[in-house]
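Both of the next two complexes hold subunit A, though its partner changes from subunit B to subunit C.
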Partner chain A sequence: MVLKVFFPTCCTSAESGLLVGRWVPEQSSAVVLAVVHFPFIPIQVKELLARVQQAGRVGLAVLGTWCHCRLQEPEEGLGRFLEGLGAIFTHEPWLQLCRERGGSVWSCKALGWPMSPGAPSPAPVMLIFYDQRHVLLSQLHTPATLPDPQAGDAPPSVGGLAAVFDTVARSELLFRSDRFHEGPVQLSHWQSEGIEASILVELAKQASGPTCLMLSFLLSLLSAVGACRLFRLWPLPFICSKLSTCEQARHRLGHLTFLFSPRKAESPVQLMRKVNVFFSLLLDVALGLALLAWLRAENCIGQLADALVPVADCVAEELQHLLQWLMGAPAGLKMNRALDQVLGRFFLYHIHLWISYIHLMSPFVEGILWHVGLSACLGLTVALSLLSDIIALLTFHIYCFYVYGARLYCLKIHGLSSLWRLFRGKKWNVLRQRVDSCSYDLDQLFIGTLLFTILVFLLPTIALYYLVFTLLRLLVVAVQGSLHLLIDLINSLPLYSVGLRLCRPYRLAAGVKFRVLDHEAGKPLRLLMQINPLSYSRVVCTYRLPSCGCRPRLSWSALCRKLFFGELIYPWRQKAGKQD
Partner chain B sequence: MEDERVFSDICGGRLALQRRHYSPSCREFCLSCPRLSLRSLTAVTCSVWLAAYALFTLFENSVILSAAIFITLLGLLGYLHFVKIDQETLLIIDSLGIQLTSSYASGKESTTFIEMGKVKDIIINEAIYMQKVIYYLCILLKDPLEPHGISQVVPVFQNAKPRLDCLIEVYRSCQEILAHRKATSTSP
Partner chain C sequence: MCDQPVRNTNEVRWQKVLYKRQPFPDNYVDQRFLEELRKNIYARKYQYWAVVFESSVVIQQLCSVCVFVVIWWYMDEGLLAPLWLFGTGLASSLIGYILFDFIDGGKGRKKSGRTRWADLKSALVFITFTYGFSPVLKTLTESVSTDTIYAMSVFMLLGHLIFFDYGANAAIVSSTLSLNMAIFASVCLASRLPRSLHAFIMVTFAIQIFALWPMLQKKLKACTPRSYVGVTLLFAFSALGGLLSISGVGAVLFALLLVSVSFLCPFYLIRLQLFKENIHGPWDEAEIKEDLSRFLS
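Up next is the complex of A and B:
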């Protein structure tokens, strides 16, 4: 097997010394973590390694020697000295990595490799350069470990290149030591330049504990008020389950309690989720405040309130025109005149009721709208859900028409289907849930056929009313659905993860990619290992927040089937208990 | 060591196969498709603009013309960035893995790296594509739960679709490396 040496790019210009790292025997690869410079005392190097080993639970060792010759010819004495070091730090295999002639030529020898004596003598060596910073900070998203974020806890479970990532992450203590610190052991490795605005970060860390405690206390008070018995009386839970504002407020409350819970996030995935929730909340409130400022600056609320009643009147008038058109001969169709008149008058009476209701409401509209506008400071999503609820309330007459039409149509379709079975001498057996043949009497058949004929001739009239009102209803549902889509988008967008992917692509790693650096015959092959960032679609898939779920998950075919059979469609979620 | 040979894809188009042998344990195969030709680009642009101009004379609305320009520009950008693949590369490194890279015409590269521990074998497979039978190279991945099972089949050179003679060339080289791996992993 080829011996692989993972070498950090930041150590390529380091002075000669010892290679410190971990040997992974299953893959025959050596992960170099740092270079120890001359002069050093061997016992102190061993002590340092033992300390890091204890902290990170990773087996570190001195893997070999590193020789960097800046001069043209390598010194003879140094080479012999480096060979001699192998006697002090025993390791199998003992690596001798050398960079010569101004840094252009690399050579690597592995003494004591391959382990088995029978194998052909000089085994090929591969030098793989990696960026220590990227590998340390990145979070590997392999498809296998995605559903189980705790898989990284057990060291033997990681295999392949994940072992390299794991080794670098576990020996973080090694990277803490400062380059300029005059300690007993001088190391060369990647060094963090400190966090940007670290004073602010520290202050925020100090402040976050008490703030979280206080806010979580307030939130628990709020949820205790919400849970009191007054709100459990009959009509309130029913109304709350139908209003999307309540759903959205509950969703946001859950987010807040999750965010300010005093427990620490256990895994990086959960931490990422917390930050995502925080940024989603922040975006929501910022958009809401912007909306509020815009509404106030333009005095939109007054204009809206003034415009609302004329618009409602206009809609009602259009509906009246539509009904009168339907009561005549719509599109040249000849309808059943008596049924047509009855239905038309019934719906006209409804519109009359509706208009009087709107006029009764008109003095209070401006106040209501103003409070809706104020709710935008709770977040844009709350304001949007309120808007959706207001649309639902303002188009209540359309909903009523739709329900009447759908019920009539449903009745008619069911009657027709059962009479059609009678027509063929069959019937529906309830006990066996199937269609059985049945012999009817003559008068039964006569009455059934008569009813069937009547229903067939009345069907076009009712179907037309149903069609027109269903189209109106679908229009309203489409508007509400698009509002809910927007709300879901704001609710579930993982803003922080997407930003991280945009600005620091190496933080979210899907894997690695290799690039072949130049290769000369007789010298080890040199590869550059880079982080392969996660694609945007996978970032969104992995980190998207659970949405509120007030949308029905209806497929198109199911929707069409429901429409054809006259079953009611709702913009909100049906009770799940019905299916169970 | 590097050489280049010309093959043809399943439709008879020209494909250039570059082979680079970096070392006995590392080989790279690079299949380049022909670049976007000026003729087809001109034809598409002209047809879109002529259609827009016809609509403009019909409706006398200049929005149509600006919309046509935007559609052409965005379409071209999207085509170069997401659809048109110029080069597909297969890099096989002994005891490390197989890397598949496809570079788009805009310079975007999408890379997948498969670790050698997961690779079961590389084979040439037959498939029915439209009305003809084609051959394609694919990598079989091991099932982690079941040692003899196959969890996934990853097709290689999906965009270029080279003919069998080119595939055999690549296949032989890959098999040499895989055989070398098997020989060394079983001996100790």
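Up next is the complex of A and C:
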């Protein structure tokens, strides 16, 4: 098996010394983390390794020696000294990595490899360079499916790659000390470029604990108020479940509670989620404030309030015209005149009621709108939810028409289907879920056929009313649905992750690719490991926040089926219906 | 020619079995094959007058439809007072009801276990529902054009005649569907009448002639065939007379139809029997003669 040596690129110019790292026997690979320079005291190196091992719970060891010859001629004495070190730090296999003649020639020997003693020739060694900073900071996303074998030269299995990433991430303590640190052991590894802002970061860290505690206390107080018995009385939960504003507010409250919970995030995914929630909230509130500022600056609310009542009047008038058209002979259809008149007058009366309700409301509209505008400082999504609710309330008459039409039509369709079975002398067998033949009595047949005839001749009238009001309803539902889509987008977009992918692509790794640096016969193969960034779609898929759950989950065919059979459609999901 | 050497070399007789290995090709049959051919073993010999008698069911049904249409025409023209029709219908129904029990001495009633209270209830349901719905029926097809209604009624009455249970054992027969189609046609036609009382009486008459009258006929035919022939003749002549009062051409055509159905068609049937050639033999599908129903239950 090929021995793989993972070597950090930042150590290529390091002085000669010892290789410190981890040996992964399952993958037969050695992950070099740092180089310990001369001079050192072996016992102190061992102490350092033990300390890191305890902190990161990762098995670190001295893997071998590192020899960097700047001169043309290799030093004989150094070579022998390095060989001797193998006796102090015992490790199987013992690596001897050498860089000669200005860095153009690399050699690597592995003593005691392969493990089986009878092997004739030394096994080939593969030298893989990796960027320590990138690997340390990046988070590996193991793909759901196996990677394409053609993608890389020789991709190690996902488990091996994960082991490398894990090793580097766990031995973070090793990288704490910087170049100017005067310790007993001099190390060469990746170092952060600067820590100027660290004071601010420290301050923020210190302050975040009490802030979180206080805020979470406030939030728990708020939710306790929300959970009190007064709000559990009958109509309130029902109304709340139907108003998208309440849903959105509850959703946001859950976000805040999650964000300010004093518990630490356990996994990087959870941490990412917290940051995503934070940024989503921030964006939401910023957009809301911008909206509020715009509304105030342009005095839009007054104009809106002035326009609202005439618009509602206009809609009602158009509906009246529509009903009068339906009560005539619309498009030359053969409608039943008596039923047509009855339905038309019923709906006209309904519109009359509606107009008087709107006129009763009109003095208060501006005040209501003003307060709605104020709610924008809670976030744009809350304002949009409120807007959606207001649309729902303002088009309540259309909803009523739709429900009446749909109920009538549903009754008619079901009656017709079962009477059609009776007409053919069949019946629906509930136990066997099929149509059976059945012998009916004479009076059953007579009444059934009489009703069937009546329903058949009344069907076009009812169907036309149903069709017209369903189209109106669908229009309203489409407007509300687009608003909800926008809200969901703001709610569930993982803004921080997407930004991270945009600015620091290596932070979210989907895998690695290898580039061949140097391949000569008799020399180890040298590869450069580069990080494949995660695709945007997977970033959004992985980190998208759970949405409010008030979207219709109907497929198009199910929707059409429901429309045909006259079942009610709602923009929100029917939770009560599911329980039934 | 081919099987001559086979028979000579080894004296093997061919057997009509598949479970033995025989020196013949699979599709081989010997000369005894056609000996088992038989012709027309299930063909029935018809008597002319018996067939004419059986055809009277069709005559009756044709006449029922004719009488219904004629009565509707009279009502539509205003020549027939609805109350008079109602009274006649009620009286004839009562007479029919008494006859129904009288013919077989109440045996059929005992067998079906139907009480008089149930009959009264059914009658009440008919009357009440028809009377209640008659205003609706009146305005039901106002906006639909008359031609559409006529076409629909013609189709429904034709369907009634096609699906009626004339006593044949066929898959197409469905007395439920036939009755429903007749009622549908009657409701369609009744909705064109001038007043809701007309509509009510028309639908009631439809029930009498399409639902109750065939039941009485069936019983008459089973118990007193002689009187049944008389009733059929009377009914046919009255239908013809009614049609004659509307249109002479229609009456002539209808008479031709009746004559051809009752006399020409039986004659033709018996003539065609001579050309019947049903062959039966060992190639027929296997037929299970034994009654298997005792194993199934």
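We take it that the second predicted complex is superposed on the first by the 545 of 580 C-alpha atoms of A that agree within 3 Å, B and C clash if a C-alpha of one lies under 4 Å from a C-alpha of the other, contacts with A are read in each partner's own complex, and residues count from 1 in each chain.
We adopt the following convention: contacts are C-beta pairs under 8 Å (C-beta built on N, C-alpha and C of every residue); 3 or more make two chains touch, one makes a residue touch a chain.
Note that this is a predicted model, so its numbers are computed, not measured.
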**Message:** For A:447, using the defined touch cut-off, is the partner it touches subunit B, subunit C, both, or neither? Pick first, second, both or neither.
**Reply:** second
Is A:203 contacted by the first partner subunit B, the second partner subunit C, both or neither? neither
Practice prompt. Once the structures are superposed on A, label A:425 by its partner contacts, choosing first (subunit B), second (subunit C), both or neither.
Written response: second
**OP:** For A:439, select first, second, both or neither according to whether it touches subunit B, subunit C, the two together, or no partner.
**Re:** second
Request  = Please indicate which partner A:337 is in contact with in the superposed arrangement: first for subunit B, second for subunit C, both, or neither.
outcome  = second
Just subunit B (first), just subunit C (second), both, or neither: which does A:532 touch? first
Query = Looking at the overlay, what does A:541 touch: subunit B (first), subunit C (second), both, or neither?
reply = neither
In their shared complex, subunit A is touched by residues of subunit B numbered 20, 22-26, 28, 91, 93-97, 99, 101, 110-113, 115, 117-118, 144, 181, 184-185, 187-188
Contacts from subunit A onto subunit B in the complex sit at residues 1-2, 4, 27-28, 114-116, 118-119, 124, 126, 128, 144, 159-161, 511-514, 516, 519, 525, 527, 532, 535
Per the touch rule, the subunit A residues reaching subunit C in their complex are 329, 334-338, 422-425, 439-443, 445-450, 452-454, 457-458
Contacts from subunit C onto subunit A in the complex sit at residues 121-122, 125-126, 129-130, 133, 136-137, 139-145, 174-177, 179-180, 183-184, 187-188, 203, 207, 211
